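We call the chains A, B, C and D, going by the order they appear; numbering starts again at 1 in every chain.
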Amino acid sequence: MTTNAPQIEGWSREQMAELVAADIPDGSYVNLGIGIPELVTKFVPDGREFIYHTENGLLGMGPAPAPGYEDPELINAGKKAVTANPGASYFHHADSFAMIRGGHIDVCVLGAMQVSSNGDLANWSTGAADAIPAVGGAMDLVAGVKTILVITQHTTKTGLPKLVGQCSYPLTGINVVTRVYSDLAIIDITPDGFQVHKLAPGVSFKQVCDKTDAPLLPSKES
Amino acid sequence: MIDKRIATPAAAVADICDGASVMIGGFGEAGSPIELIHALIDLGARDLTVINNNTGNGEAGLAALIGNGQVRKMICSYPRSSHSKVFPELYRAGKIELEIVPQGTLAERIRAGGAGIPAFYTASTVGTPLAEGKEIRNINGRDYVMEYALKADYALIKCENADRLGNLVYNKTARNFNPVMCMAATVTIVQARKVVEVNGIDPEHVITPGIFVDRLVEVTAPLIESQLIAQGVRYP
Amino acid sequence: MTTNAPQIEGWSREQMAELVAADIPDGSYVNLGIGIPELVTKFVPDGREFIYHTENGLLGMGPAPAPGYEDPELINAGKKAVTANPGASYFHHADSFAMIRGGHIDVCVLGAMQVSSNGDLANWSTGAADAIPAVGGAMDLVAGVKTILVITQHTTKTGLPKLVGQCSYPLTGINVVTRVYSDLAIIDITPDGFQVHKLAPGVSFKQVCDKTDAPLLPSKES
Amino acid sequence: MIDKRIATPAAAVADICDGASVMIGGFGEAGSPIELIHALIDLGARDLTVINNNTGNGEAGLAALIGNGQVRKMICSYPRSSHSKVFPELYRAGKIELEIVPQGTLAERIRAGGAGIPAFYTASTVGTPLAEGKEIRNINGRDYVMEYALKADYALIKCENADRLGNLVYNKTARNFNPVMCMAATVTIVQARKVVEVNGIDPEHVITPGIFVDRLVEVTAPLIESQLIAQGVRYP
């Protein structure tokens, strides 16, 4: 593990989002976290239709409205103005989280502060003494959605690994993450721990190992 | 004749006492009953426990209620947001209590309160700090946390259309916590953009049946929180 | 207790229903059981408005439709055709019983097989070996509605008392009944047991005692 | 393109196997998916566990499914009614099992199954024979019974209008158990009186969002149970 090595050129945020989108089956009901996950909507493969759920009460969420057409009462979970696609439906918060908790949402794409090799996720608090805890819907999403995909830079801005043997930050959920899409690699959570599914072009297995704070298995194909 | 209409927000909230628990509908600015909140600020009741998903934005509405020192404790899922500064300052200064509840658990606890379910189990928070001290139960091979119902003395609600019986419909994602809060409060106070005739809402389209509503005030042109923030409005 | 005494002329079914209606406050949300309770709708006092709830998903239930105007999908809990009043609303069964269980219905008027002096109600099964148990919504209603009023003949068709020290039939709920309206008297359930609130004209306290299988307190006014 | 339409009731139910659990919507005849039930009779799957509030009337629909010997166990609140004779005969002959659940507990168990709540507490049945053997818990001074969620392999549902995404609206009190059963089954199969365009149902008026629906069949002129009874119709 090195924290001072020169920056490795991996996938961009858009490329990571495109890789996530490519892995989501046609007809899936999808909930996207705030930040990079939101980019997934730009890369839906031809011939596929995803239906977006936003936990504040809308199924069939569409893109942001044209400027001037915002409705302050039509927003997403990030409190940004959105639209409703044809075939959308509105519902209250208890019904919305019934969809989540009841296992009806197929895929949730979330950011991460840390992911452990057994699929634990930490993405809501640094646990710092002066931090104001704020969890939102993250704990419900990871506990209820069928498949949790994480999209994240492989390391923090200061170069610390986000893929770790055990999370040091307060957990969002245990054994919940299926796959991590980082700028360096797509990594599966397997019963044996982290396993590379695919490396970014020009990135070596050793480079990913160096930036991962847990044992890493090579791709089965390699 | 049943008629739940009351002339003004001030009259609708007039009996809220110090120490009351108050659910306030809305998610961000969508469905936030600003005029009722401002009436509660004018009333001045203190030592309140407030249940809302957030802690308000800017210096009007819920943020102003908190900023005015009337709230002893917040129960919410997400007390941070891009325009929230009032709550963080008070919280860091130790002047306000905070109970963090995951958003789905918050909604379900309120729904349970309204539905006469005193407690239920959920997988949310298992293995996290928010499950500490709570009862864990294994059901069919999976661990769940027991959560208790949440009720309140009052609910402040915003809707789109209402009739004198208290039947309500909402506007898009302004629905959010409002319908379940209507169910879970002893006294539910609603501000409606428009009060319509009793047959003006199709029985198939009613979202909140009137049985859950006690008082109704028409507020035809409600304030919009994001505009207040942009204009730097501070209430009162 | 006598079971072979000559029939005492008390209140009629309609009069019992009228007495119940007179005791329900204006603006109440009311659920009426099948049978005599249904007659309550005919005796709403002038100036009062009740809103009727039927547990199969309608608030604001109106009277039976004119012949030929029945909709097989607009029925009450007894599966009879009804109408919807202006200001009605439809909802699903879980929401309907949230109204009941959550204490939002003010008054429920039910029939009874037995009522005990501490307010236990038995009205769903004789417990006979060949009886097919069928409870419907009765247990939810008695557990959830604020005030449970019972309207019943004072004795069975064979003259057996229905007001008893302890129910011999399987219970619907414990400590749930507030007041019983029989053909002979209105009787409150008090911490001290059955207490006459009002006797039917021409019926004596002793006659009611004779037909009640538990101690009975006289009316406070008498 | 997401399209949940299937051409015929027979094709919609074709994979229901012996031993499956099947929720069937409807309260009496209101909202009863007769054509789907008849397709299940034609299919002949046996040893079924069926969840419905009642046990059918006359000799068509649910009563016919039971009469055809395909149901091993009924879970319901009220197996008697003026026109039910099939179930009582089989029950007295010991040929069918019965689990009696109070109507509100039944609805809430199904809703819990759909909402990911594995168990909850309710005051209904406390002190009665239906609470025997169940866990009792005192919460805030009152006793409650613990009840488990109820799920099923399939749900057979009747609605009024639907779109190809599976968004549903119902007709009046035909709503009853249908929306919660849509949530609680692994495979939800719906018969709609009319399939409309995708923007044919206002998003504010959708009762069952499409996420809860798997298969959709248009049945434009569904049979009416009370007419079948009056005509003495016996299926098949």
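The definition used in the following text is that contacts are C-beta pairs under 8 Å (C-beta built on N, C-alpha and C of every residue); 3 or more make two chains touch, one makes a residue touch a chain.
Everything numeric in this text was worked out from a predicted model, so none of it was measured.
S.K.: Counting C-beta pairs in contact, which comes out ahead: B-C or C-D?
M.R.: Greater number of contacting C-beta pairs: C-D.
S.K.: In whole angstrom, what separates the CA-based centres of chain A and chain B?
M.R.: Result: the chain centres lie 29 Å from each other.
S.K.: When the C-alpha atoms of chain B and chain D are each averaged to a single point, how far apart are the two points in Å?
M.R.: Each chain reduced to its C-alpha mean, chain B and chain D end up 34 Å apart.
S.K.: Residues of chain D touching 2+ other chains?
M.R.: Residues 108, 111, 115-117, 122-123, 170, 172, 203-204 of chain D each touch two or more of the other chains.
S.K.: When you check chain C against every other chain, which residues touch at least two of them?
M.R.: 58, 84, 90-91, 94, 97, 100-101, 144 - these are the residues of chain C that touch more than one other chain.
S.K.: May I ask you to sort the chain touch graph into line, ring, star, complete or other?
M.R.: Contact pattern: none of line, ring, star or complete.
S.K.: Which pairs of chains touch each other in this structure?
M.R.: The complete list of chain pairs in contact reads A-B, A-D, B-C, B-D, C-D.
S.K.: How about chain C: which of its residues touch chain D in the complex?
M.R.: 54-58, 71-76, 79, 84, 90-94, 96-97, 100-101, 120, 130, 132-140, 143-144, 170-174
S.K.: What residues of chain B sit close enough to touch chain C in their complex?
M.R.: Its residues touching chain C are 1-2, 111, 113-117, 163-165, 167, 183, 198-199, 203-204, 206, 209-212.
S.K.: Can you check the complex and tell me which residues of chain B touch chain D?
M.R.: 108, 112, 115-123, 137, 139-140, 142, 144, 148, 169-170, 172, 203-205
S.K.: Can you list the residues on chain B that touch chain A in the complex?
M.R.: 27-31, 53, 77-82, 87-88, 91-92, 98, 100, 102-108, 110-111, 122-130, 170-180, 207, 224-226
S.K.: Can you name the residues of chain C that touch chain B in the complex?
M.R.: 26-27, 29, 49, 51, 53, 58-60, 84, 86-91, 94, 97-105, 144
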